[in-house]
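Naming follows writing order (A, B, C, D, E and F), and every chain is counted from residue 1.
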Amino acid sequence: MNNHKTKLLTVITEAALESRLINDIEQLGGLGYTITNARGKGSRGLRSGSWEANANIRIEVICGPELVNQLAEHLQRKYYDNYAMVTFTSDVEVLRPTKFSD
Amino acid sequence: MNNHKTKLLTVITEAALESRLINDIEQLGGLGYTITNARGKGSRGLRSGSWEANANIRIEVICGPELVNQLAEHLQRKYYDNYAMVTFTSDVEVLRPTKFSD
Amino acid sequence: MNNHKTKLLTVITEAALESRLINDIEQLGGLGYTITNARGKGSRGLRSGSWEANANIRIEVICGPELVNQLAEHLQRKYYDNYAMVTFTSDVEVLRPTKFSD
Amino acid sequence: MNSIDPIIWFFLFGLFAGAMKSELRLPSQIYDFVSMLLLLTIGLKGGIELANQPFATLLPQMALVVGMGFLLPLLVFPILKHVGKFNKADSASIAAHYGSVSVGTFAVAVAYMNTRNIEFEEHMALFVVLLEIPAILVGIVLAKGLSKDTQWSTVGHEVLLGKGVMFLLGGLFIGWLSGPSGVESISPLFFDLFKGILALFLLEMGLITASQLGSLKRYGLFLVIFGIVTPLIFSVIGTATGLALGLSIGGTAILATLFASASYIAVPAAMRISVPEANPTLSLTASLGITFPFNILLGIPLYHWLASSAQNILA
Amino acid sequence: MNSIDPIIWFFLFGLFAGAMKSELRLPSQIYDFVSMLLLLTIGLKGGIELANQPFATLLPQMALVVGMGFLLPLLVFPILKHVGKFNKADSASIAAHYGSVSVGTFAVAVAYMNTRNIEFEEHMALFVVLLEIPAILVGIVLAKGLSKDTQWSTVGHEVLLGKGVMFLLGGLFIGWLSGPSGVESISPLFFDLFKGILALFLLEMGLITASQLGSLKRYGLFLVIFGIVTPLIFSVIGTATGLALGLSIGGTAILATLFASASYIAVPAAMRISVPEANPTLSLTASLGITFPFNILLGIPLYHWLASSAQNILA
Amino acid sequence: MNSIDPIIWFFLFGLFAGAMKSELRLPSQIYDFVSMLLLLTIGLKGGIELANQPFATLLPQMALVVGMGFLLPLLVFPILKHVGKFNKADSASIAAHYGSVSVGTFAVAVAYMNTRNIEFEEHMALFVVLLEIPAILVGIVLAKGLSKDTQWSTVGHEVLLGKGVMFLLGGLFIGWLSGPSGVESISPLFFDLFKGILALFLLEMGLITASQLGSLKRYGLFLVIFGIVTPLIFSVIGTATGLALGLSIGGTAILATLFASASYIAVPAAMRISVPEANPTLSLTASLGITFPFNILLGIPLYHWLASSAQNILA
């Protein structure tokens, strides 16, 4: 198998930001994303997901290391001060590298 | 703690494939899987999850490196041409290695 | 960018344990967690999520390597014998290390 | 103004909200719930009617309707392939969608007749079930040929046990076995709420239709024309079939609507599994983006007029 | 044929669809919603009845019923342990399930009586709440002994504040405080839709039951026999208790049904937390896979016959 | 005791269950569904009323109400900033919440009037829509100033196309276009179930309120006092406005309730996007944790008394 190392960015944040984050990802050149609904707790308190104002989403973007850094920095600059948000990156291997930008 | 390195396969694909993928995983020897509902966008367009025909699922399988390759190749051969699908693998450590095949 | 290596603990277990696991995580010093609903199959059989008694949750905790081990060992001791549960850890990089304990 | 049914306004409201990129959304499980209630109710209604009349008298009608279900997709397949220039799989899949029926369109037609106190044969609901299935089989054969490879037991499983057909059939049998007096106790949920539930369904359909409009530009003019002309022609065939079956004006109009409607629940699901190489966006764009709104906004009144004109001429 | 309630057909439909591996499913939040409505409605009905009669007159009846709730699990525990050869935890857990009651079975019994215009004491709903709890406490003591380690406050929290008991109690209090005229404004949702909602609940129960049948083979014959004989015996005890309480035929039959039914909501949840070493598949297979279908298909008519025979003999 | 509406008991039940840390929860999609039904129903009611009377006669009333919607947040902003010592963004956000209205509180007020057979102008529902929006605009300007940077088209999009306003407006137009006879067919879902649906909504509101109480301790006494005094003062202004508009006692009381209520759906969503630096916990704690329960438990009867006293004095 011809594996290809790349990066996975995971963002956990407020559900209210969904459409804005999608815009950001696409404008910076991300070719795809996956979203799941989530709930949780962090420095900005409990977000139990019982109604929309306190629901979280979990966004995953697979992309090359440069875009991953760009995205993470962009999100940090734009949202960290005012929104519940956690981002982390990890190493993954994909089969069809052409599907993911770099 | 006695950690044990193994692999995690993540597959994001159309919800309609759920039962067939489970069959595939089990027939190739996977001992377990976890599924969450998802939505997203990729090369095959927007899959917003608003109704079943365009909902995604996210399947995770923990297993040894050989099975992970076998599974990924099998899925690629069988589904990539006709279905929205992304797969990636990553390194994880588990506590109870006996629970996972390979 | 000033990335910081840390750990991600993922626990997949019975939905009935949610509040107890949250307690455990907080008492051992975890500063946050994220939960998504899941279904799956493992050594304790099929958990299809169709009703609460057989629904799973997927908990993620980002924290330093020491706490991750402590948490994993604690969960193993307390729940593995009697509950459907899988835990695994992986390496991640975060941007705001101060948000995560250790 | 009052002559437009409020459920149609719900559809237009959804369409507008979707076009404006509003965040309106029916939660996905609520959409499933609402669809399920519609399917069960339609099945129940058909079943009750079956309980009211000897099954044998309906058999000839049923046979003819099933026959038409096999015929209709065959009529459009060559057009899709040679005029539309779609490949074999896509042509077969779209043909299957148009040969089958849309439960939502049927429900709107029923509501239309009820509002105007137009009588129709209640066993129309039975025809919905009958018409769901043949076109799927034809579509698969058109795409794959009659090769021995086709796993017909899997196909049969997918088709018969898929949610759409299953809820319709389940409702049908329950209605049949319980009879009109038996279902009385469950009628507040299934019958009294029917039009309200249909309104919510149409709201979401409007939102979904709006999201399909984007793809329209990509697939161009042929699909738009096909999505309007096909229902017009099929409605004429449906009217003729209704007359042949000796149906009332209401029944004829509903049968014409059924023929004119294109599936977006059972067929897409079956095609996705059995003809995966067909592009699902193509068929859904046509059936949801064009034919569904055309039928509920303009088609149904037209088919009603067609049915009554035809009956007048014959009388 | 018409003598079978349509809600029973919904159960059989779910059972069939599940057995055929159809993809039918009630969305999980809809199942939660439907269960919640059932529990609230049953609670409300009991509460309204409480508002109608002086509480004190019910106290002796309530005491006897609670007493039986402690007794029933003790009767089956030795059989499970010595005949069934289950370990202590499993025996205790199964005993708790059978000592407690099934709200779904109760609802079907109520629907059965209503369809046949058989009168019964409305405060039966109160007994549902009372019978939920004692068996859980007995089960925990049987599994753990009366050790000081047991965190009774946690157990009490789990039991009383679990969803099942909470919705029942909430409905009960609201019904009691509002009285029959007060709840009139909310009756379209809670009372008129009741049987339709119950039908959907039974559809999903059929699907769940079908999914349990696989485990049956693994756990074998004893569980099947136990799942049928226990309700038979408990229904006799229930009938005797009903007579002792001076209940009507309908009330006696419902009390017999309650005794014969096995929990699958409150008790599994409580056991999972308090007796985690018990295998939940065992008890759910028995209670959902055998006893629930047995009771709603055959048991309730039988217990009705039992109650009227017993009353005839006494009269 | 019977004088308390059962829907209030549902709220108290939720509050109790939440305070006891019970696991009771309305599934999130069910909560969305229930909210959606409430908003659509309220919109429909307003729309039907609009269909009943010439639009022009309402225009002056509407203008005055919109004017008040701009004024109210301006009244409390300085108090929040100088007495409460909140920063600009938080003061502006809280002011916007209190200048806007709570649909849930409105629904309870309507139920209160219906139970007591008190007449009121049905176009109150129209005022709900009108009052939702101006306070949001004022809040944004207070926080950001009238800078050219503010992307008003984005703000307008967020406000008008957010779920809350959209469902209200959609219902309003559908009701208006369909008229009273048109909506009859959908009334079992939207009107007959209304109070039951409201009961479920209030149950969840009780649970949410309970979860807010924890934050109260953190933010202290000022917020508690503010959350009670503001509705009292605003209700007086509302009563005066009602008299100025020549409303009935019921209508005046409902307008007073609207002024007294604080938003927790449309405004939080809009503020989160347009004034993200405001702490959402502050405003939600006040509006959900204090003002909402105060209004539905004590406020509405008080405002009713206020309205009738005022009318008596004037008469």
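In this text, contacts are C-beta pairs under 8 Å (C-beta built on N, C-alpha and C of every residue); 3 or more make two chains touch, one makes a residue touch a chain.
Just so we're clear, the structure is a prediction, and the values are computed from it rather than from any experiment.
Engineer: With one step meaning two chains touch, work out the least steps from chain C to chain D.
Structural biologist: Tracing touching chains, the least step count from chain C to chain D comes to 2.
Engineer: Which chains does chain E share as contact partners with chain F?
Structural biologist: D
Engineer: Report same or different for the chain D and chain E interface, where same means the shared residue numbers exceed half of all residue numbers found there.
Structural biologist: At the contact between chain D and chain E, which are copies of one sequence, the residues are largely different (under half shared).
Engineer: Rounded to a whole Å, what is the gap between the Cα centroids of chain A and chain B?
Structural biologist: About 19 Å separates the centre of chain A from that of chain B.
Engineer: Report, in whole Å, the distance between the mean C-alpha point of chain B and the mean C-alpha point of chain E.
Structural biologist: Averaging C-alpha atoms per chain gives centres 40 Å apart.
Engineer: For chain A versus chain E, what separation do you get between their C-alpha means, in angstrom?
Structural biologist: 46
Engineer: Chain F: which residues touch two or more other chains?
Structural biologist: 23, 25-26, 28-30, 32, 188, 192-193
Engineer: Specify, in ascending order, the residues of chain A that touch 2 or more different other chains.
Structural biologist: Chain A, residues with two or more chain partners: 36-37, 90-91.
Engineer: Chain pairs that touch, all of them, please.
Structural biologist: A-B, A-C, A-F, B-C, B-D, C-E, D-E, D-F, E-F
Engineer: In their shared complex, at which residues does chain A touch chain F?
Structural biologist: Residues in contact with chain F: 14, 16, 20, 45-46, 48-53, 55, 79, 81-83.
Engineer: So in the complex, the part of chain C that touches chain A is made up of which residues?
Structural biologist: The touching residues are 1, 3, 6, 8, 22, 31-37, 62, 90-96, 99.
Engineer: What does chain D use to touch chain B in their complex?
Structural biologist: Interface residues on the chain D side: 25-26, 28, 31-32, 204, 207-208, 211, 264, 268-269, 272-273, 276-277, 280-281, 284.
Engineer: Which stretch or stretches of chain E touch chain D in the complex?
Structural biologist: Chain E reaches chain D through residues 1-2, 4-7, 9-10, 13, 17, 20-30, 111, 114-115, 188, 192-193, 195-197, 199-200, 203.
Engineer: Spell out the part of chain C that touches chain B in their complex, as residue ranges.
Structural biologist: Checking each residue of chain C against chain B gives 10, 12, 36-43, 56, 58, 69, 72-73, 76, 80, 86-91.
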